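In the two complexes that follow, subunit A is the common piece, with subunit B as its partner first and subunit C second.
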Partner chain A sequence: MSLAIRRTTELIGAAKWFLRRDSRVLSTLPEKVEEPPAELTSKRYRRRFFQNEAILETRHAYPEFLPDPNPNWRNSLREKLERADMLERRSQIDIPEFYVGSVLAVTISDPHAQSKTNRFVGICIERKGCGLRAEFTLRNVVDHQGLEVRYDLYDPTIQSIQVLRLEKRLDDKLFYLRDALPEYSTFSFDMDPEILPEGTPIPVNPVQVKLKPRPWLERWERQELKGVSNIEEHLKEKDRVRRELRKTPWEKYDLMKQYRKTIPIEDQSKIWAEVHNQLQQLQMARKKSARKRTFTTPKTQLG
Partner chain B sequence: MFKAIVNKLNPLQLSCSFHTTACLNEVRLLTRLRVVDNSEIGKRAMSEGKPPRVICVYNKQRVGYIGDRVLVAIKGQKKKGILVGLKQTQKVKVPKFDSNNVVLIDDNGTPLGNRIHVPIPTILRTILKERTHAKGADYTKLLAIATKFV
Partner chain C sequence: MNQADVSKLVSKLRIRVPAEPRKLRNIKGPEGRIDKLRKTVTGLIKYERIELNSNRGQEARQYAERLISEAIRHGDCHKPTMDIADYWLLEKELIHKLFKVLVPRFQDSNTCYTRLLNAPRIIHSRNPDKVILELKGNPYPVLGSNKMNNRFLIQNVLLDAAKYDYRQAKYAEFAKKIVNKEEKIDTTETEAPSIEKQQSDDKLTQS
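Showing the complex of A and B:
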């Protein structure tokens, strides 16, 4: 009898233990034993999230990899082939990361020049186009004469692109430099490259330019420019009234317009997943070679 | 269509009598140019604030492109010149200038001045060599007085 009772109590205890185990497993509350796997998964998620973020960050550095959002001009096969060609070109020549407002030096092989090469230094005032048709415009003032040169980014005649000063400006396009005082777009051709320490975010130059008096090339007052300081000085009452009439404050709420202007994030992540690895490898190789170059031993001079 | 609707709705305020597209900045008849060499007549015309005007462009299109020969009216005289820099949008790798520049030459292609004080596009070297024929006018003398090429 006593034996039977003991057995039943044992059974009940075992059942209770099992039940408790089961309930613990089923419960949403985290158990001490199960913490490490949960942490791991969250870490994995976090890593994936950060990786995704890093991949999406490259859209600022390499905007030409994204296709034109106009659906009439989309062709997935052409885009893919173009991306492959762009990577091929990037493996041949170092095309650095630069933004509108950066100062660049571009050397091209020029059959017209006497030395067969031509170097131009200037501030990047515009980047446009996508794929192999990507181009940028440099502006400089040489001998009091404003000059602009447009280059294709993937032009095979380009020998080198060097970033002399890596920075951004307050606006997306700097066409107002054409109407600004010449000192804002004057850069000497023997400028030394300024090296940013690794890992720093791209600095934004908050300089505000002064415009020359009218007539201007465009109606700058209607474009809501941040990089111009003295625009109000040159305006008449008539211009202010017309600016008010021409304002389109509803456009920032126009979701369809925004959608048509941009590539959706799903498409973007596909593209970046395709090219991100190779871009990273190219960057690493470039860094390695740059480091090697800095540590080369100086040549011993004979005699 | 949209414009038509807008005009119907509001004919007074939004009439499209003006054009809002960017201008082409072409060099054609009666365009004012900037003389960039140091010839006496050119310097005087520029300092007086009476820059020369185009009265003929010697090509079929009658629109001056880079390296084209033009006839200008300057200080009451007719002089020939060569366009060495244009405001118009140029091809890739060809510089676009902030002003329409001209260098005055005589009938043989010899420049009137002896120094050009602004940069000259390198493509002009090829263009002017092509335009120069033996026994004709020699335009390449202009390249010799240039101070800087871009």
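Showing the complex of A and C:
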């Protein structure tokens, strides 16, 4: 009995040692440089490198798990607690993976509505904020009236978030839909969810919207938008000149500006190592429940 | 409450990065600032040790660190990194230096790649604070407190040898004097009292 116990403790010790070594791979200052044989290091290093790359890919789907890049607003303890709370919330309701440009249906509890719930469908035009304060904005046009609703992603009054169409657009923010023709942001409330086959990469919708004539809410011509087709039609010579004057081609090379906007790999991999497993489990659970979903005949589309 | 930009991955810098960038005063605004920093970074990569005004030195250090860390992370076959190096290094032969000399030098390093030291300040002068920015592993003599072992400098080796010779000469002189004295004593004194003295000494040691 005691032998068995000792063996298990040895095993645990070995596992701990392995974990510690693994987690040290990307820390900035290892205590000393290890020098195992060259063949071994390269193999081990490669495996770790690819594992780490796979973990880092999570950042696109769950950007709100990364903290604010401004060091003045960082607080490692608060961030950790927030991540735990976010995972807790995600175990309560299914918060699916979505991007700017995806079409979502959000149901929230609303004490003033007759059915006590309120369902809104719209295209996600912005994702913002980090931690528990992450938010997203849905836009739709109902009865010729543009509507935008901003939801907190971890709001306890949200009952369900459903992705009706999972796709990305050409731009990171779709505020130009406000000045575009209404058909580009009109989505019917009884839209059927489109299910992507498993393992396909997220499709990018290359649609280019047409803007209404001026006046506009913002100077779209200065923002180098890829998803707008007819911006040049509405510009005067004056605007073109000013656009040229306002260009900042050096910002692409401003290395510290980029650095201040992101979280470095070493910090990121620590965070993803903390939450990756649980996120993966939640995703598996979601897939299982999706497979169990009873088959329903699609609604007949009239008109 | 901003969301971190996830489109690019960067390695962590091993220096402290202030939250806000410094504005370097110039007529052209942000573009002029970057131009100034480009000149400084090029100079640093070229000469490996330069003296600067403090704020410009601190700012240029961050950019130099970023440039080297990008070069280490992506290597010379990565098009965007090549573009960045091409932009930041005004003299194009320095791109070769960056990838062929500095990357191998700093690949296995665990610390930052540059060193920033305060330069001595002239008392009662109105000049701004000066700093010295250098790449680590440069061929120049070490700055700051010199804790190097200088025993093997040629002057010290020669001085040590001279001291040794002098001492040996002195010892020889003493030895000669002592021998001469003993010879004198032997000739003047009888042997009997000396034996008695020895015996009494032995007793003392036994007790």
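Simple rule for what comes next: the second predicted complex is superposed on the first by the 246 of 303 C-alpha atoms of A that agree within 3 Å, B and C clash if a C-alpha of one lies under 4 Å from a C-alpha of the other, contacts with A are read in each partner's own complex, and residues count from 1 in each chain.
The working rule: a contact is a pair of C-beta atoms (placed from the backbone, for glycine too) under 8 Å apart; a residue touches a chain by one contact, two chains touch by 3 or more.
All figures in this text were calculated on a predicted structure; none of them were measured in a lab.
If you put the two complexes together on subunit A, you find that subunit B and subunit C both fit without a clash.
Using the contact criterion defined above for the overlaid structures, shared-chain residue A:Q145 touches subunit B, although it does not reach subunit C. Once the two complexes are overlaid on the shared chain, A:T248 sits against subunit C while remaining clear of subunit B. By the document's definition of touching, of the two partners only subunit B reaches A:F120; subunit C does not.
In the superposition on chain A, the chain among subunit B and subunit C reaching more residues of subunit A is C. With both structures placed on the common chain, the touch criterion links A:P96 to neither subunit B nor subunit C.
No C-alpha atom of subunit B lies closer than 5 Å to one of subunit C in the superposed arrangement.
Taken together, the subunit C residues at the contact with subunit A in this complex read 1-6, 8-14, 17, 19, 21, 30-31, 34, 62-63, 66-67, 70, 83-84, 87-88, 108, 110-111. Subunit A contributes residues 28-30, 33, 56, 59-60, 63-64, 66-73, 127-130, 133-134, 248, 250, 253-268 to its touches with subunit C in the complex. Subunit A meets subunit B in the complex at residues 108, 110-114, 118, 120, 135, 142-152, 155, 157, 178, 218.
Those residues of subunit B whose C-beta lies close enough to touch subunit A in the complex are 22, 36, 85, 90, 92-99, 101, 117-119, 122-126, 147-150.
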